[in-house]
Amino acid sequence: MLARYTRILLRFWKNCLLRDLSFRTHFLVHTGGEILWIAMALVFLKVIFANTRQVAGWNEHQYLFLMGAHLLVTSLFEMLFFSNCWRISERVRTGDLDFVLLRPANAQFLLSFERVDYTTAANLLVACGLCVYSVVALGSPITVGRVLLFLLLVAAAVAILYALVFMFAVTSIWFIRQTSMEHLWFYTVSIARYPAEIYRKFAAGVFWAVFVFVLPVLIVANLPASVMVRTFDPRMVAFMIAAAAVLLALSSVVFRVALRWYRSASS
Amino acid sequence: MVSRCTMSRMAVIQVRDLRKTYRVVRKPQGLAASFKALLRRTYKDVRAVDGISFSIERGEMVGFLGPNGAGKTTTLKLLSGLIYPTSGEVSVLGFVPWERRNEYRRQFALLMGQKNQLWWDLPAIESFRLHKEIYEIPEEAFLRVLDDLTELLAVKDLLEQPVRELSLGERMKMELIAALLHSPSVLFLDEPTIGLDVVAQAAIRRCLREYNQTRKVTVLLTSHYMRDIEALCDRVLVINQGRLVHDGLLSDIVNRFAAYKVVTLRFADGRMPDQFGPVAQVLSRTPPTVTLRVERTSVAEQAARLLADYPIEDISVEDPPIEEVIAQMYSAGIAGLPAEEARDVVTGRP
Amino acid sequence: MSSRAVRKYAVVFKVALAERLVYRGDFFVATFLRFLPIITTILLWRAIYDGAGRDNVGGLSFANMVAYYLLVMVVRAFGSMPGLSSGIARDVREGDLRKFLLQPIDYLTYLLALRAAHKLVYYVMAVGPYAIVFWLCREYLPALPGARSLGLILLTLVGTLLLGFVINCLLGLLAFWFLEVGSFLYLFMTVQYFLSGQMFPLSLLPDGIRRVVTLLPFAYETYYPTLVLLGRMPAGDIARIVLVQAVWIVILAAVVRFAWARGLRRYAAFGG
């Protein structure tokens, strides 16, 4: 079964690549836009570190790595899942969801993986570049174990983001949302960007607690980065992996409930 | 009841007392109602499907007729397992559709006219290959079926063109191929020829007939084009306001519901009576021809009388067009028929 | 303009006003949510100031920095024109422009009236959430300006609105010449975020870069007006800023008019 779903996945990716490549201008422009954003963020970084040696305990190269990790995680999500989640409510509205339900395959899988956005591919490259550069500049020891743990946490981070955003998109079948998915994603990205320590004293620590343990958005970039370039708490690592698993399972439950409602209420 | 048991061994599709009711929010009329609606929503229950039962056997090609909103699409969706019924039983190929078992989904296909399942910006062949993976079609079977179908529908050279560049007719053909790629045993078609030109309609009809005859695929098809129904289906189910009002031969509808026949006369020397009697109504008059609507029971008598009294060159007696009969069925109080009488016709079918 | 013309635009104004009032409910929540990203930025700056060990970064104290970002929101409320350029581009591309050309109404003035109406409604509705946020942050905000400066400050804000309007119009009019103008707009908005000082105060930039950036009109769309609101400018400086804004507005408005005339000719030629 794994082989079959892998084959379906590869088909999706190939189809999207063919499609994206046929829209060359759009592809180039969006890639250009992403690179501009990164350039601006780097200028900001330089400005910050012209004024201070460390930000919440992160020095310049550690901060740069954090930026790279953040870009890596968010770009992976945007590439793999953003447009799929975003399209869910439209597909429900147009009845396109029905066609997905007809197929002899897991509907959540088909809905979540159908589109791939290759315009964020450049971001991935840049993110890797930033990570590699900052690690080398830091000069700290890199072991295979650390790299593997880092990659594992990146995967967990993407899983967490996917589960949260997917559940939001699916439950919008029930409610009319004022905050659209793009806004939700924008806020999520903003919150996850900087060292998590800056939130410690905000709102008497409640903000930090909520966004680390309930909606684990604060750790999606911070924890993988800490694992690689700073010290980290192994319990937090375990927590993040567990959170990813729990949230994925929850997303499946929520999806099935939403589907059941949809199939009872529509005609 | 006994006959039903013996039939259930053969029946591919069995529907028993199927009902689907859903709620719509009542839209307020007027300003005062709008304000009240802000505080409390009122609902209305819509009976999309109101207790229908029928059986379809393997290889049958059944037409599903009814006015808009009668419950045709809802029934097809119920049979496809897309929605849950409010009550009733359905069995297709031995499966309960809304359990959505993979094995069931691999054996049927639903095709909806004017709805696009293929990837818009890519050539159809890429969508087909994706289908192949999802339905787990072996390579050899895939190529063979694809070859047969593209040959049958004459779209072989269009496979590599992006779907968005195809005409509506060509796109529908591709959609049909996508539906048949996994060699389903049961085919549900919802308005498959809507919006297509005559040539494309004929091609699709041909393909469906051939498929039904060679592979014994069971087909349930809705259409607003009587041409489709007449060409493809011997048996029709007529549904109105969620209820089945006829289940039998297409020709039976005319016999059952058409109260009159259309008689066309051509007079030899332009002499034509002004009046044709109480049981005949003039539909059109262009000397030397006149078209009459005559009550069915009086046709023989009237024809004999006219032939005797006037020099008539040509006479033809025809059934009224089926569209008209059905339109009459929808509007002229057929819905008031008690359910028993509607089912009466069941015993008379092959 | 004749009184009939004025009345015409006033009607447009009123209709737009009514349309906006319908969306009251989600508006309140959405306005609060707009302040969320600022919280993150401010918390970051807190950490930066702590790391710096002194209360002066780029000439601003931490309190000033907080006030800066809050006041940018106010200035953006005047200068941002969401959907204006893409709306014009869409009208040009999809031929809706024809509708306007046939009616005795000037498209660009119509758009200005529309925007003014939207802005007015926005201010009325946003006063609530903004007031709450500003009251909560009152310790960071500067003292209210004196009466003399008030007039000049209002002029600056009007300048921001007009400047934002002409810049976005110009961008939208590019649609007459470029098919894929949407992508270009996206790129432009990205860069503008940085060049206008929304990302961080331009005073933090190294000298050479800062000099170049402040030559552009974007600095006068957001950065300088925000400094004005911050109350760190003598009246003479404020007047100078208003003057530069006016110069830019006049220049760009002329370019817009020119582009409009040229564009229309091209539009008609290509079967508008």
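Labels A, B and C are assigned to the chains in the order they are written; within every chain, residues are numbered from 1.
Following the convention adopted for this analysis, contacts are C-beta pairs under 8 Å (C-beta built on N, C-alpha and C of every residue); 3 or more make two chains touch, one makes a residue touch a chain.
The shown structure was predicted, so the numbers you read here are calculated from the model rather than taken from an experiment.
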item	value
Far-end chain from chain B, centres as C-alpha averages	C
Innermost chain by mean C-alpha position	A
Chain A-chain C separation of Cα centroids, rounded to whole Å	31
Between chain B and chain C, centroid-to-centroid distance (C-alpha), Å	58
Approximate Å spacing (C-alpha centroids) for the pair chain A, chain B	48
Multi-partner residues of chain B (at least 2 other chains)	none
Contacting residues of chain B [partner chain A, same complex]	20, 22-23, 46, 48, 74, 77, 80-84, 98, 100, 102-103, 105-106, 109-110, 115, 117, 119, 121-122, 126, 129-130, 133-136, 162
Chain B partner contacts - residues on chain A that touch it in the complex	4, 7-8, 11-12, 14-15, 18-19, 22, 95, 98-99, 101-105, 110, 260, 263-267
Complex contacts: residues of chain C adjacent to chain A	25-26, 29-30, 33, 36-37, 39-40, 43-44, 46-53, 57-58, 180, 183-184, 186-187, 190-191, 193-194, 199-200, 204-206
Partner chain C, residues of chain A touching it in the complex	25-26, 29-30, 32-33, 36-37, 40, 43-44, 47-48, 50-56, 178-179, 183, 186-187, 190-191, 193-195, 197-199, 202
